[in-house]
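Chain lettering (A, B, C and D) follows the sequence in which the chains are written, and residue indices restart at 1 in each chain.
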Amino acid sequence: MFVLVNLKAYAADPVEIATVAHDVADESGVRIAVAPQTAHLERVAETGVETWAQHVSPVEHGSHTGSALAEAVADAGVVGTLINHSEKRLKLADVDGAVNAAERAGLETVVCANNPDQVGAAAALGPDAVAVEPPELIGGDVSVSQADPDIVEDAVAAAEAVDDSVDVLCGAGVSTGEDLDAAGDLGAEGVLLASGVAKADDPRAALTSLVEPLS
Amino acid sequence: MFVLVNLKAYAADPVEIATVAHDVADESGVRIAVAPQTAHLERVAETGVETWAQHVSPVEHGSHTGSALAEAVADAGVVGTLINHSEKRLKLADVDGAVNAAERAGLETVVCANNPDQVGAAAALGPDAVAVEPPELIGGDVSVSQADPDIVEDAVAAAEAVDDSVDVLCGAGVSTGEDLDAAGDLGAEGVLLASGVAKADDPRAALTSLVEPLS
Amino acid sequence: MFVLVNLKAYAADPVEIATVAHDVADESGVRIAVAPQTAHLERVAETGVETWAQHVSPVEHGSHTGSALAEAVADAGVVGTLINHSEKRLKLADVDGAVNAAERAGLETVVCANNPDQVGAAAALGPDAVAVEPPELIGGDVSVSQADPDIVEDAVAAAEAVDDSVDVLCGAGVSTGEDLDAAGDLGAEGVLLASGVAKADDPRAALTSLVEPLS
Amino acid sequence: MFVLVNLKAYAADPVEIATVAHDVADESGVRIAVAPQTAHLERVAETGVETWAQHVSPVEHGSHTGSALAEAVADAGVVGTLINHSEKRLKLADVDGAVNAAERAGLETVVCANNPDQVGAAAALGPDAVAVEPPELIGGDVSVSQADPDIVEDAVAAAEAVDDSVDVLCGAGVSTGEDLDAAGDLGAEGVLLASGVAKADDPRAALTSLVEPLS
């Protein structure tokens, strides 16, 4: 299972979370990555943790002020990127463009989607993985794998029907080891989580407990 | 073959074009529809021509000022709608929402896309048809079916791989009967055209000539 | 005072509301306009009521599929348009472009804004009027003129400081004659309202009661 | 005069340009800043050059994946930010929100605009400065101060009419000392430039020559 911790625009110290994530990944053997603000990518990558971007723009080198150029993100030590997160929805043509931009820069790609139909659509664009996150569960206390297990199974089936080389992650409300276990049982290859770690009183304890069933 | 004439925001008289299209459809037996500005839908529908919308919004009844509610469009006598035209690109989640909104209002749906990957993605959202229109050819003098026949065949294959009940149309530069014939030979079930009729000196002659190979 | 009834994407029958508004305007001598969905503009204008658009696009005649061309809207019998409603926010350059497009088509313009700073910004673009609508009060039961009278006075001052020929309207939560009176006392030249009429059990009674203090 | 070098998404080495800019600023006494990609902010700031962001998002700490949080940008050593560049146009309400976000994080603000009307609108939102950049001249060989001197004077007048504490910069096609001189003569307090330095064969020579009239 792949655990991707999205720091969004939270007030949490990105270097502290990154250090914790690096330690817990080392100790547990579980693959854990951290996705901070773009301006924090370099300092997060310097902790040694696997570092992801929250977004890249569907552009090449050129006149694109205010974009997140995939090559610039890669320069900062990043190895993968979220695309089309529900808080950063892109036009269909731009999801395609961002996947291509990320691949051009050697970044792994996870395209987010709200539901199984959109998972199928995202899979058709050829990313490494898609992530299903029902918007109504994001930021809540109930995990998608508990609240709506069907959506995870349907997402896995939708991606497989289009391109069986595309992995499926799930997210929204994930915070415990049970959530992680349940996600794996439903066919997910990983989870996205955010507030469960980034807003935890003790991020180390939260992350350690999360990956405990996998260790 | 289905011929959809998109009037965009052209200066052409929508009622004149609609009347011509209605007559030519009657005479030729070819299915021809006209998609005018939303504010012109009602007067175009009153000509008796098959009337399409250029866009519907991914919304339900509610607080959505400035939207194009599918039910309001249907009230005006519309039977189908373009979604995600290259001049009105939508977010992936909103393409999904607009397809659902259109279906809820009983409208036929054609989702536009730039390339075969995006055609596959659009097909996964369950529209009645997808239309492939390479942006670089739109508004030009060379038809997609002549300039880039592979893209049409690849689009047909991409849609079929995802959902073989989804038809494929093609567009960009279509203006002659030969273009229409070529599109059909490549597996397209119809064409989108715009300036070839809307900006013609003699729209009736242009449209008659266009459908001549099908009559 | 000018009373502009925005029908948004509500399920209300636009022709029924328009007929009521026309009658009440005639009986009371108060200026009342109705802004329906774009696809309903023509049938609303045919009732004889003053008809407004909810939005126009910052475009001229040309390749703009899915736009709301100001000239097409004007064709349908419209005399004015909202621009930049909080449910249809535009880019700054597009607010400018939409004001210019509307003026080109002979439409009166009301640019919406959230707060006095944005009212000043909107006034600098040269519309006929600006409307201040605090987003947190839209659709609620408490009128802006009661809940936040300072914002109306500050908006009037902000517009006057930039261009004293620009009128100020206010909106959000307006539903009674007292709200209308209070708005006028604060310097507003009119009100935007929506659910207070469009969702009323008896729209005629609601509108009659609303304008009663002005009759 | 303030010289702001926007690196956009160009292929130029940001650290090399930053080092050059730092040296030329030191030698000439002219204020020169560099605005790189967000992912490059930290390494550019470490050169000692005055570092600006190309964009900040209109958000506070919270669930805003893919945003450019002003505080995160400030953490990287940034002292100011462009807002609403013509390649990153924002909604009017978001220009307001981004100015407020930047000020909250202690960043200096320059809001870009296409024409004098939009300069007036931008000035009403209370930034430190506005920059007028006619889109048709951006990236070209002719400087705004040569091609369209009226637009710079009109922009200065428009900003002053709204708030005389707001400085005016100009941009588009600026590349020589004469352009800089001309901009100052027209009332501008600085210039934005991009390709004139970032794509120069010899960025040091280009920048030295540019500021020569001011030294």
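Here, a residue touches a chain if its C-beta (ideal position, glycine included) is under 8 Å from a C-beta of that chain, and two chains touch if they have at least 3 such contacts.
Just so we're on the same page, UniProt names per chain: A, B, C, D = Triosephosphate isomerase.
This one's a predicted model, so the numbers in the text were calculated from it and none came from an experiment.
Shared contact partners of chain B (Triosephosphate isomerase) and chain C (Triosephosphate isomerase), listed by label: none present. For chain B (Triosephosphate isomerase), the chain whose average C-alpha position is most distant is D.
At the chain A (Triosephosphate isomerase)-chain D (Triosephosphate isomerase) interface, residue numbers used by both copies make up over half of all numbers present, so the two copies contact each other through mostly the same positions.
Look at where the CA atoms of chain A (Triosephosphate isomerase) average out and do the same for chain B (Triosephosphate isomerase): the two points lie 36 Å apart.
Centre-to-centre, using mean CA coordinates, chain A (Triosephosphate isomerase) is 33 Å away from chain D (Triosephosphate isomerase).
A separation of 42 Å divides the Cα centre of chain B (Triosephosphate isomerase) from that of chain D (Triosephosphate isomerase). Shared contact sites, meaning residues of chain A (Triosephosphate isomerase) that touch two or more other chains, fall at 86.
Remark: the chains found to touch one another pair up as A-B, A-D, B-C, C-D. Of all the residues in chain A (Triosephosphate isomerase), the ones that touch chain D (Triosephosphate isomerase) in their complex are 6, 8-11, 36-43, 53-55, 57, 59-69, 72-73, 75-76, 78, 82, 85-88, 138-139, 194-195. Of all residues in chain D (Triosephosphate isomerase), those touching chain C (Triosephosphate isomerase) in their complex are 84, 86, 89-96, 113-115, 117-118, 120-126, 158, 161-162.
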